[in-house]
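Next, two complexes with subunit A in common: one pairs it with subunit B, the other with subunit C.
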Partner chain A sequence: MPSIHSLRLIVGVAAIAAATLAGSAFAQTTLENASAKYRQDLADGNPADLWVARGQEMWKEPRGPRKVSFESCDLGLGPGVVKGAYAQLPRWFADAGRVMDLETRLVWCMVNQQGYTHADATKQTFGNGSRHRSDLEALTAYVAKQSDGVKMNVSLADPHVREMYDVGKKAFFYRAGTHDFACATCHAADDLRIRLQYLPNLTEPAGAQKAYTTWPAYRVAQGETRTFQWRLHDCFRQQRFPDLIYGSDLSIALTTYLAASANGAVYAGPGIKL
Partner chain B sequence: MTTRFPAVRLLGAAAAVAAAAGILYGCASAPSASEEAALTARTIAIMKASFRPKGQAGLDRLDQDETQRLCSQYAGGKLPESIVKKIEQENLAAVKYPADGKLVGDWKEGEKIAELGRGKQFSDDPAKPNGANCYACHQLSPKEEAYGTIGPSLYRFGRKHGYTEETRRYAWAKVYDAEAFSACTNMPRFGQHDILTEQQIRDVVALLVDPASPVNQ
Partner chain C sequence: MADPMKIRANLVGDSTEVKVLMSHEMDTGLVKDKDGKIIPAWWIQTVKVTHNDKVVLTAQWGTAVSKNPFMSFKFKGGAKGDKVTITWVDNHNDSRTDTALIA
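Moving on to the complex of A and B:
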C-alpha cells in the first residue's frame, strides 16, 4: 500500500507522535482532522476541476469515426441530459440489454453512437501521467459534477437492477484468494485502519454514503482524478484478486450495491482524497 | 486463546445491512435456501466472467477452498458452532511444523517481514520474497507508529503468553494457519497459502516470542 508514504508526509511528524502516545482512537481522530484540513486547504481549487473542464469540452465535440457528440448519449434521463444523471446510476438500459454504471454507459455510447471499437474506447481507462490522460476519467468527472448537490436516488424497482444489487452484496462478502480477503475484511466494521489509512464501513448507510458521494475523486498521491471503476479495480488488487475488467458485470453489481446504499445522501463530487 | 470478536462484529454488521435492506426495499420474508444457492451460483458465474488474469494473479484466485466457502456462506448470519468446530479442526490438522523442530528464528528479519507489504498482488514481482504486512493490522513494536487496527495489539505478546514451548507452538500455528484458532478470522493463513516460507515464519515467530524482540520490551 504505497500511499502510506504520502499520507505520512501530509499528516506530519507531530500528529503521528501524538497519535502514538494516545493510542488508536486518538490516532484515528488526528488522522481525520489532518486530512479534513487538507481537503479544506484545497477546497477553493480542487484539481479535479481540470478533468471536469476537459470532459465538458469532449462532451460537446463531434467524436469518433461517425463524428457524433455525446449530446445523443442517453444516461437514463434522455439524450444529452447530464444534470442529476450520475445520482440515478446504475440503471437498466433496454437499448443495451444491461444494467450499466456511468463509465460503462459512456463506453457504450462511444461504440454504438460514435463508432469506436470497444478496444479503442477502453484503451486508456485510467490515466497514467500527463502524456496518457484518460478521456473516460475526464468525461466521468464532468458528468458526475452535474450531480453535485443532487440526492442519490438509485432505483431498485427494476428486477435487473435489483439482481445486480443482490449480486454485488453477495460478492462483497465473497472470500477467496491467497489472503482469504473479501471486501468485508476491510470494510465491514467501524473505526478500523490499515496502517494509518481509515477504512470506511461500507455495510452501514453512513459509511457507504460518505464514500460513494465523493467519487470520482482527485487523488493527491497520484495526481490523477480517479473514478469508481478505478477504486474497485485497485481494491481488488489489494484483495489479491486478478484484474477486474472495466465495465464487467461484477464492477456494475458492486457499484449498484454501494450506490443504492448511498441513497438519500447528497452527491458532492468530484472529491479530493489523499 | 481463541479471539472470535472480529468475526462476530463482521457478522453483526452484515445482519444489520440485511435488516436495513429489508426495511428499505420491502422484502417481506428472508430468501429461501434455494434462492440463496441460486444467488450464490449467479454471483460466482458473474465473478468468473469479470476478471482477466494478470501477473501472478490467475483466475484460480477466485476458486474457494472449503473454509472460504463456509465463511462466505455464513457471512450474512450466525456461524453455527458445528461449522466453527469443523473449520478450526480442519485447519489445525493442516498446520505443518518444521521438520527440524526449530520454531524460532531471527526477530530482526521478522521485523522486516512484518513491515513489508509486497506479496501476491498482480502488481508484485513474484521473484522477490513476499512480506506479511503484519503492521497493516496489528500493533507490534512500539517504534512503528503506522500500524492498523483490524487485529488486536500484539505488543508484549511473548511476555503476556509466557516464554514457553506452548507459546512458541501456538505462535507458529497461528501464523501458519490463523483459521485453526478462530474460524472466519480476518487474518490470512500465511503458511497454508504459501505467502511466507518456513524460515520467514520462524523469523516472524521470533518477533513475537523472543524476549529480546522489541515487541516484548
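Moving on to the complex of A and C:
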C-alpha cells in the first residue's frame, strides 16, 4: 500500500508538471527521473513550508496550562532565539542537566515552562494526516528553517556532549537484534542500496553532512514533514531493534554523533525526500 | 479550518509567474486505514485564480492530484503590487481563499 500511494503522488504531481511544461517527454521518464524532476519543481515550493508556517504561528502563541509562549524557551542561544539554533544542537543544558537535541528541548520547554505533562507534550510526536497533526514536527521544522544557510557547529568541548558523541558512535557500530544489524551494516560503505534506494555512508563526512543538513524533511511518500527523531526511530525499525524512545539518551547520542559529523557543512533544511 | 496556502507571484518579463502550495489531504477513496476501513475520498474539486478581479485560471481537479498539491502557472500581464487571489473548494464544500501581491 505505501508503494502504490507514493507512485500515485509522483504520477499526480508529474501530471501537474506536464501541464505546466508543455511537450515534456513525460511517458518515457523513469521513476528516478520523475523523482528528480519532482524535487526540482518543488525546490522553491517544498510542502515542508506548510509545517514551517504552522510552527511559526505556534512559536509565538501562549500555550499550555501556564499560557507561556516559546519565546521564553532557550535553545542554547538565549530565550526565544531561533536563528542558527538548530545548527548548534545538540548541546548541554545546565537547567535540565542533560544534553538535548531540538525536539527534546522543545518538549522540556513545554513541560517546564508551559505546564504540559510529559505525556501530553509527547502525545503526537509524529503526525498522521490533518486529523492527527504533530505540533512537534511543525515547531521543529520552523526552528530548523531559521538555520538555513548557517554552518553546522556542534561543539564537543563540553565533556557531557563529548560523552554523548562517543556513546552515539559506539551505538552506530553496535550489532544486535534478530538480524545482528548495526547502523553500520547499512550506512558504513559507499554505494550500498536496498532496491532502488541508495544508502548514505554516514561514516564519511560527505555522507553525514548531506544527510544531516537536509532533515527535517518532507517525505513525499508519506505527505508528512519528518524530523531527525523520526528518521532514527524508523531506522531502528528497519534494524529490527525495539522502539526508539523519543528524546531518550540513546536517540540524543546518535543525533550528537551524526550532527557533529556534519560540522562545517552549511545547513540547508527542511529538505525534501522521497 | 484549512491551513493557509503559500502563494508566490513574481513578475517575469511581461508575465506573472505564480507558485502555490496548498495544504490538503487529497484522499483518493482507494486507501484503507489500519482497521481495514476505506478512507473516504476527500479532494479539492475546483481551483479559481483571479488577478485583481479578473479570473485568470479555473481548474477542476480529481483524486489523482497529490496530497499537499503544488501548482505553478503563468499569465500574461500583471504589475508589481497587484493582487493574485486563489480559492479552492473541496468535496466537503470546505474552502480556502488566500491572496498574495505580485512582487
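The rule we apply is simple: the second predicted complex is superposed on the first by the 238 of 274 C-alpha atoms of A that agree within 3 Å, B and C clash if a C-alpha of one lies under 4 Å from a C-alpha of the other, contacts with A are read in each partner's own complex, and residues count from 1 in each chain.
Note that in this section contacts are C-beta pairs under 8 Å (C-beta built on N, C-alpha and C of every residue); 3 or more make two chains touch, one makes a residue touch a chain.
This structure is a prediction, so every number in the text was calculated from the model and none was measured.
A.B. asks: In the superposed arrangement, which partner chain does A:G177 touch: subunit B (first), subunit C (second), both, or neither?
C.D. replies: first
A.B. asks: Just subunit B (first), just subunit C (second), both, or neither: which does A:D249 touch?
C.D. replies: A:D249 sits against subunit B, while subunit C stays out of touch.
A.B. asks: With both complexes superposed on chain A, which partner does A:G223 reach: first (subunit B), second (subunit C), both or neither?
C.D. replies: The second partner, subunit C, only.
A.B. asks: Using the superposition on chain A described above, determine whether A:D95 touches subunit B (first), subunit C (second), both, or neither.
C.D. replies: Neither partner.
A.B. asks: Quick one: is A:L50 in contact with subunit B, with subunit C, with both, or with neither? Answer first, second, both or neither.
C.D. replies: second
A.B. asks: Show me the subunit A residues, by the header's touch rule, that subunit B contacts in one structure and subunit C contacts in the other.
C.D. replies: 1, 8, 16, 20
A.B. asks: Subunit A touches which residues of subunit B in the complex?
C.D. replies: Contact set of subunit B toward subunit A: 6, 9-10, 13-14, 16-17, 20-21, 24-25, 39-40, 42-44, 46-47, 49-54, 57-59, 61-64, 67-68, 71-72, 75-76, 117, 120-123, 133, 135-137, 139, 142, 145-150, 179, 186, 188-189, 193-195.
A.B. asks: Hey, which residues of subunit A end up touching subunit C in the complex?
C.D. replies: 1, 5, 8-13, 15-16, 20, 41-42, 44-45, 47, 49-50, 53-54, 129-130, 223
A.B. asks: Name, in rising order, each residue of subunit A that touches subunit B in their complex.
C.D. replies: Residue positions touching the partner: 1, 4, 8, 16-17, 19-20, 24, 27, 156, 162-163, 166-167, 169-171, 173-182, 184-186, 188-189, 191-197, 199, 201, 203-205, 236-238, 240-245, 248-251, 253, 261, 263.
A.B. asks: Given the complex with subunit A, which residues does subunit C contribute to the contact?
C.D. replies: Subunit C reaches subunit A through residues 3-4, 6, 8, 19-21, 23-26, 28, 31-32, 64-73.
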